[in-house]
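Common to both upcoming complexes is chain A, partnered first by chain B, then by chain C.
Let's look at the complex of A and B:
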């Protein structure tokens, strides 16, 4: 994907070893993040996030559905990621499918918790309307517009921003329906409930290049990586999910060291993101 | 249903001959050789151009001209109800073909033999007229990539509902089932490169509707030229000329 000469590779590795990367950042600094909310008019919530040149759009759509029989008091959330061929020509046709699947799976692990929905960043219980009968199905769609490394973190941030932009219509249930029939529901067009996003984690990916690890790697840096670990951390500093990519193995002791680093970095990212989201919301309301 | 009120206003408050608000922006995708965002009202598309570059599949190489390829994709969230269609359905394949043929008519392919130009169009929001919006976005992206063209191609649609000719149909008007004429023109050369219509229309009315769509194309062309001029001025400034 990225064609680099031996000299360029050495330059990138050398820079990381000296804590001064090719774009002037330190090992644990993020590129500037910009957030724009409400970019898709038809969705219940949407956001565009740019991290350096990486650009993604996330949208949240809520549809009425039936809860599954194993969890009658919970709504359903699904995450699908799509890689647009505009981002890279190799995503043409079915070319982007593999990466899309990998990203979707990683995000599900990081945000949705276990099968029961326990420990999830998104509160499934708040999506329930009538136990065992009606619930909200949240469809989270991500679209990768431009790729310059670190897509997973950007998608995580975009989903968080889109969720905080999401208004779920208020629903009135007709109480007279007998218990064995599907109750009639009245979806309000005017009243919306703000989705609670305080528990939604952020994702921090640590990429190992040479002897060190870095955050927010660019495509060039990612081409030099031996492995990358993505950790999702919530506001309390608890780890919500973890995925590893890349071929090489890593020493178990490194994982503990990494979690400490991630905890520190995620706090900064979370604060940065929250202020960006608040600014974007204010901008949207003004216009 | 009434698509034009007695006062002569359409469902979204436009007059019959009024186009939706246009907005365009160049260089939206930094990795691509050329890219653009084009909006017609609520319809919003991104186009990215990669090339001219080496042909990826040798068997497709053309020795006397460039190979043009095009892919049209719709985002899952682009339509009102969430889409669950697989990639590469018939409709997208047809639109890809239409865009490719329209762009082939204006790119000077003979100047770039044995090379390939990829045009990717991604629909972010669909509210009628995606075909036209995609062609307009592709033109801008090609111009941004600096690919030699005979002229800009611009496109616009027009329809005929409640015995009134309407310019630039939105989704509701488009799905009304009336005739929908999509025209693509080369504005300077005054040639038609794309003409599609469904449903039926009497000859004399068709002439009017097509005339209206052509006028729409010209208006789009003026807007696109403005955007390109502005962009060129900015580039000029940056180079300190």
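Let's look at the complex of A and C:
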């Protein structure tokens, strides 16, 4: 990312203060989002999301596995993000690892809920096949191709789109099986069950620059931020997760104020995303 | 996950320039260097587009916006003419593929795609009227009068007695010299060009600027006016105070003075209109969209905005700043500098008072978005075109950020097609 001169920084801050950012958006307006599903043929579900110049790809792969002993009736979901060197030269080799870890942790927190599985956006019980013996392991992977600010929101949207696109194969369990051995499982190649994504939240990141918050910051605006809070909100308006990054501290009363803003913004984003995903699915079916 | 090549295969719908360059020996192998600029490039994605035999090796070099494929054939280029020509044909420019490429950047729906396609086709048909600037693709023969003893310049080669193009571009003729100028070329500087650059380093007695060229440009301390305006020899104290004139990351407007021995540029910023640019935004577009004109500094009085179209593709849109004449002695310049320095330590309230007024800011954003739309469509950027786009957007009552949407893009293309067809009709 190129540096900015003092004059340019001043201009950006002025824009945010006057509710007119450098590309003409208001503080709470998102950049145009474009969604494409089914980009990876080998995965169970995949999506590519572009927010302005920020571009990410998410894919979902389902594999058979054993459930953990502490939660025998639930499947497992793991999220991992990788920052590609095309996004920035410093991501070559292991340079992107720090950011990848941070993003993966934030997404896990936002989408997977607590340790007991409570409050998770993804219903783990729906992934179970045979209690205690066989379950689906969902591997959600994200790849960041280009960074122009607001990667977390884009990744959240991509994962939601990829999950809407996911087809879990139908499974026939052989009924005659001894109780302590692994049952035989026949995975169908033809029939797929669509994954239920009504409870999957979206992530909205609010970035504070000067005295005001903005939504969907570009990387220039992010260089001016004091802090950024990412909130994941589901369709009912309930908060599923919250992460803060950035050096400056924030007053706790500000958090409550922000959650109101987030609820309002997330509704719009959720609707927009749903319509884009539906359009993308329709496009995919046509081609 | 994305480890093996077979994992991800994306149908490549973008085409671009192909250039073929030969090694010195001109015999052993020919390298086809294919540059594809598309919105769907990414690391680790192997693109299986070539199905030609005797393909020895393909290297993939990825840069953030382009994918370079170097294809190495074993036989001499002479023997490869047929596949060379096929390559040229397949990668020729047709409006369909350009449309797909542009369409992807903007996610147009079906009707918008059709309209854009029609507008682009109309523009193409208008522009191909001029035959002397014939566009060629790789391995096209260049029509040349053999008796004239023509000089073969860049982008051409002699093949079986004919002059053949090795790059995709437009034929240029200067007296006896024939060469092919590529469209999406890097910035090609000339002495006297006005450029906008960003300081990346403060070095002894000079500043290094980044200007979208293969090398950094140099602005010597002696080519820059001192803040007190006196013409004198630069002392060691001046050298130590270079940062008070320009710092790292500052945006500067300057003029190309000459070339140095290694090909890099030397700049000068002696006039009052050159210097540091503040209170605005800088846009980066492709250099080929900015043609050389008489005027690159535009002061739009009705908007109160300075617009500087740098020949290197960097464009500055900002609030108008009065160029002070240093020769006038009664204006002390030192307080200005102090003002700048203290901006950092100014409190938030004081800073707020110095922000650009909203009206000017709206105009700046509108013009910036107009330039962004024009650069996505690949139209040349001149003041008239920008004015038209801005007028179009205000007449349609569009919000400023909607100017970056798909609908406005299609509107601009249609409008431009209309305008050009009107002007050609008027000429006839």
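Keep this in mind: the second predicted complex is superposed on the first by the 285 of 287 C-alpha atoms of A that agree within 3 Å, B and C clash if a C-alpha of one lies under 4 Å from a C-alpha of the other, contacts with A are read in each partner's own complex, and residues count from 1 in each chain.
Just so we're on the same page, a residue touches a chain if its C-beta (ideal position, glycine included) is under 8 Å from a C-beta of that chain, and two chains touch if they have at least 3 such contacts.
Keep in mind it's a predicted model, so treat the numbers as computed, not measured.
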item: Partner chain in contact with A:20 - chain B first, chain C second, else both or neither; value: second
item: Which of chain B and chain C A:86 touches, first, second, both or neither; value: both
item: First, second, both or neither for A:210, with chain B first and chain C second; value: second
item: First (chain B), second (chain C), both or neither touched by A:233; value: neither
item: Which of chain B and chain C A:40 touches, first, second, both or neither; value: both
item: First, second, both or neither for A:32, with chain B first and chain C second; value: second
item: Touched partner set for A:3, first chain B, second chain C, both or neither; value: second
item: Comparing the two partners chain B and chain C, which touches a greater set of residues in chain A; value: C
item: Which superposed partner A:63 touches (first chain B, second chain C, both, neither); value: first
item: Touched partner set for A:148, first chain B, second chain C, both or neither; value: first
item: Overlap of the chain B and chain C footprints on chain A, listed as residue numbers; value: 39-42, 55, 57, 59, 61, 82, 84-87, 139, 141, 143, 145-146
item: Of all residues in chain A, those that touch chain C in their complex; value: 2-8, 10-15, 17-18, 20-26, 29, 32, 34, 39-42, 50, 55, 57, 59, 61, 82, 84-87, 139, 141, 143, 145-146, 210-211
item: Sites on chain C touched by chain A in the complex; value: 1-2, 7-10, 39, 41-44, 62-64, 107, 198, 210, 247-251, 276-282, 318, 340, 343-344, 348, 351-352, 354-356, 358, 361-362, 365-366, 368-369, 372, 399-406
item: Interfacial residue positions of chain A with respect to chain B in the complex; value: 39-43, 46, 53, 55, 57, 59, 61, 63, 80, 82, 84-89, 92-94, 97, 139, 141, 143, 145-148
item: Residues on chain B engaged by chain A in the complex (per definition of touch); value: 28-32, 35, 42, 46-48, 50, 56, 69, 71, 73, 75-80, 82, 87-88, 118, 120-122, 124-125
